[in-house]
Amino acid sequence: MWRWLHPYAKPEATYHLLQKLLPWFVALTLVTLVTGVIWGLAFAPGDYQQGDSYRIIFLHVPSAIFSMGAYMGMAIMGAIALIWQIKTAEWSIPAIAPVGAALTVVALLTGAIWGKPMWGTWWVWDARLTSELILLFLYVGVMALYFAFDDARTGAKAAAILSLVGVINLPIIHFSVEWWNTLHQGATITKFERPSIATSMLIPLLICLAGFAFLTVSLVMMRLKNEILRHELHRPWAQQRLEQD
Amino acid sequence: MSQLSSRQIWVTLLKRDLRIAARRRSDALNPLLFLLMVVTLFPLGIGPGPDILARIAPGIIWVAALLASLLGLERLFRDDFQDGTLEQLCLLPQPLAFTVTAKMAVHWLLSGLPLVILSPVLALLLSLPLQGWWALALTLLLGTPALSALGAIGAALTLQVQRGSSLVSLILIPLFIPLLIFATAAVENASMGLAVHGQLAILAAISVLTVTLAPLAVAAGIRMSVN
Amino acid sequence: MTQVASTNSPLLHAEQLSSIRGGRVLFENLNFSVSAGQLWQVSGPNGAGKSSLLRILTGLLAPSNGLVSFYGKPLSHNWSEYCEQLLFIGHKAAVKGELSARENFHWQQQLSSTEDIDAWELLEKLGLLGLEDELTARLSAGQQRRVALTRLWATQASLWILDEPFTALDVQGIALLQQRFVEHIQNGGTIIFTSHQSLTLSDLTPEKLSLEYQGEIL
């Protein structure tokens, strides 16, 4: 029994590493997100065309970028899980997917809120919004597949394969939707493409981007910690850990 | 006694599956009838005006084709999985990613190719102009191999899931989107007498890419499922 | 029969094999070597992991821990050579219900390139004559088993891994299968099979590997 415990030592090490790093990431998230959002919403100058409604970009752009980033991260973890059979990588797929899906939902909601004053309607088949919606479907597929299996390892493997298939398809989907959009919408200029941005707006946007990056990583770390604990419950170290907390 | 070449094995697997399919004709026929019925619903729901029908025909036919291709997918590997044939496929000396292409080819022959043959009827039902006919047939010919390849991924991943057919649709539909976009655009352009080479080339490229890479995912999915 | 150029390594070697299925330890730290020409019987009660062990030996199932090697190399390192040497009849016998006995045998011959074997003679031997055009799904369990076992006569593989081959067979069928076992072993072949009853095999004494029911819940 004890003999084959040693390959399982890894999740424990990962857990302790996460335990150590997490407070730092949470602190960084709080600092950057609070600074960026307050700066962006209260102090950055208004847009001469869009007035104050443009300020939603301080939430929309970072959430859209990291919804894609999280998918990339999930696919990379999937590849690691499939090639090296590392359990922590397998568990990080269910850890990342809901966070990515939540970011996608935030991007869609903020996009709709932005759309209302700009287009006069909550939903327009804009290329970016449509891509975001399809990304949400891809996340839903990965999560549905993961939870369809009784055996978590098989579920993780299936989800890993699907996320790799998805990541290869993502650029094709993105390109086809862009192309479809120009085909059907002709001259309408999408609000999401601005040739340049004033420095006074760029700085808070960059801070917000950093804030969302730290937020994404922190959330994933928290979820991964839980996943590790959940799967290692029968191991002595996990039980000790639970008793301590 | 000599070892078989990979090509002989491939042809043998293809022939065996075609023989089995011939014993269960309704499996291949039902999705086609479904497609025909779905297409019939649109004129009934929208009105028989040829103008509007011709305008939305490419979209209707392709959406119906995508849905029809999902119908038979659950069966693609399931019988082989349940009776142990899939294990034997894994134990052939040839790589699994190669042998599964025979199964994908059978699926295409039974679901993709009939669509191409059926396309004139569909075009006729929806008043698609003459130029649209051949474009529709061409997009189906170029696009359906990718449907079979992607479908095989969905089928392989959900083998262990009981009643996985809704799950298969959920994971596959987003992946079908690029095919739908380029295929319908090609048919629309053709109906208006515009050039369609670009869209057809992209469609062909997507198919080639999908048919080349999908077997790897299918093989990984089957290995995972028989485990 | 083709033999892979062998060193001193045994045909199959299992090292520290452990299997956990569904949170239950089936077996742990199994070590054994199977040499060419041996007959191995894996026995044990239901749920002791006999089928899992066989599937691990075929490479279909990954062990939770440990390694199976074929002539000294891990299975995955010379997978395609291993598959050429291997014939596996599992719990699921890979018989197509939609095909007749003759068709099932025909495709088997095609895939194992043993077309020179006379199908009619074999079908008669196995008592399937007269049923050869019936769809296999309509045959009885024992007859279906016989259809599955036709593979043992149409193969070039030297290593047979058989999961419960004697199940559902009548006395005559068991005798026929035993006779085939003897032939194969005498030709230098190797057989690993499971059985939960102990069989008296004429002329052969199998090496025994007993699995205990562990029932340890993780």
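For reference, chains read A, B and C in written order, and residue numbers begin at 1 within each chain.
Simple rule for what comes next: a contact is a pair of C-beta atoms (placed from the backbone, for glycine too) under 8 Å apart; a residue touches a chain by one contact, two chains touch by 3 or more.
The UniProt protein names, listed by chain, are A = Heme exporter protein C; C = Cytochrome c biogenesis heme-transporting ATPase CcmA.
Nothing here was measured: the structure is a model prediction, and the numbers come from that model.
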Chain centroid nearest the full-protein CA centroid: B
Chain separated most widely from chain B, comparing mean CA positions: C
Centre-of-Cα separation between chain C and chain A, whole angstrom: 48
Averaged-CA centre spacing for the pair chain B and chain A, given as whole angstrom: 32
Computed distance of Cα centres, chain C from chain B, in Å: 37
Contacts with two or more other chains, residues of chain A listed in rising order: 151
For chain B, residues that touch 2 or more chains besides their own: 227
Contacts with 2+ other chains: residues of chain C: none
Residue ranges of chain B touching chain A (in the complex, touch as defined): 153, 157-158, 160-161, 164, 167, 170-171, 173-175, 177-178, 181-182, 185, 206, 209, 213-214, 217, 220-221, 224-225, 227
Chain A residues within the chain B interface of the complex: 82, 134, 137-138, 140-142, 144-145, 148-149, 151, 154, 157-158, 161-162, 164-166, 168-169, 172-173, 175-177, 179-180, 183
Chain C - residues contacting chain B, complex: 58-62, 80-81, 83-84, 86, 88, 90-99, 103, 107, 110-111, 113-114, 116, 135, 156
Complex contacts: residues of chain B adjacent to chain C: 1-4, 8-9, 12-13, 16, 19-20, 23-24, 82-85, 87-88, 90-95, 226-227
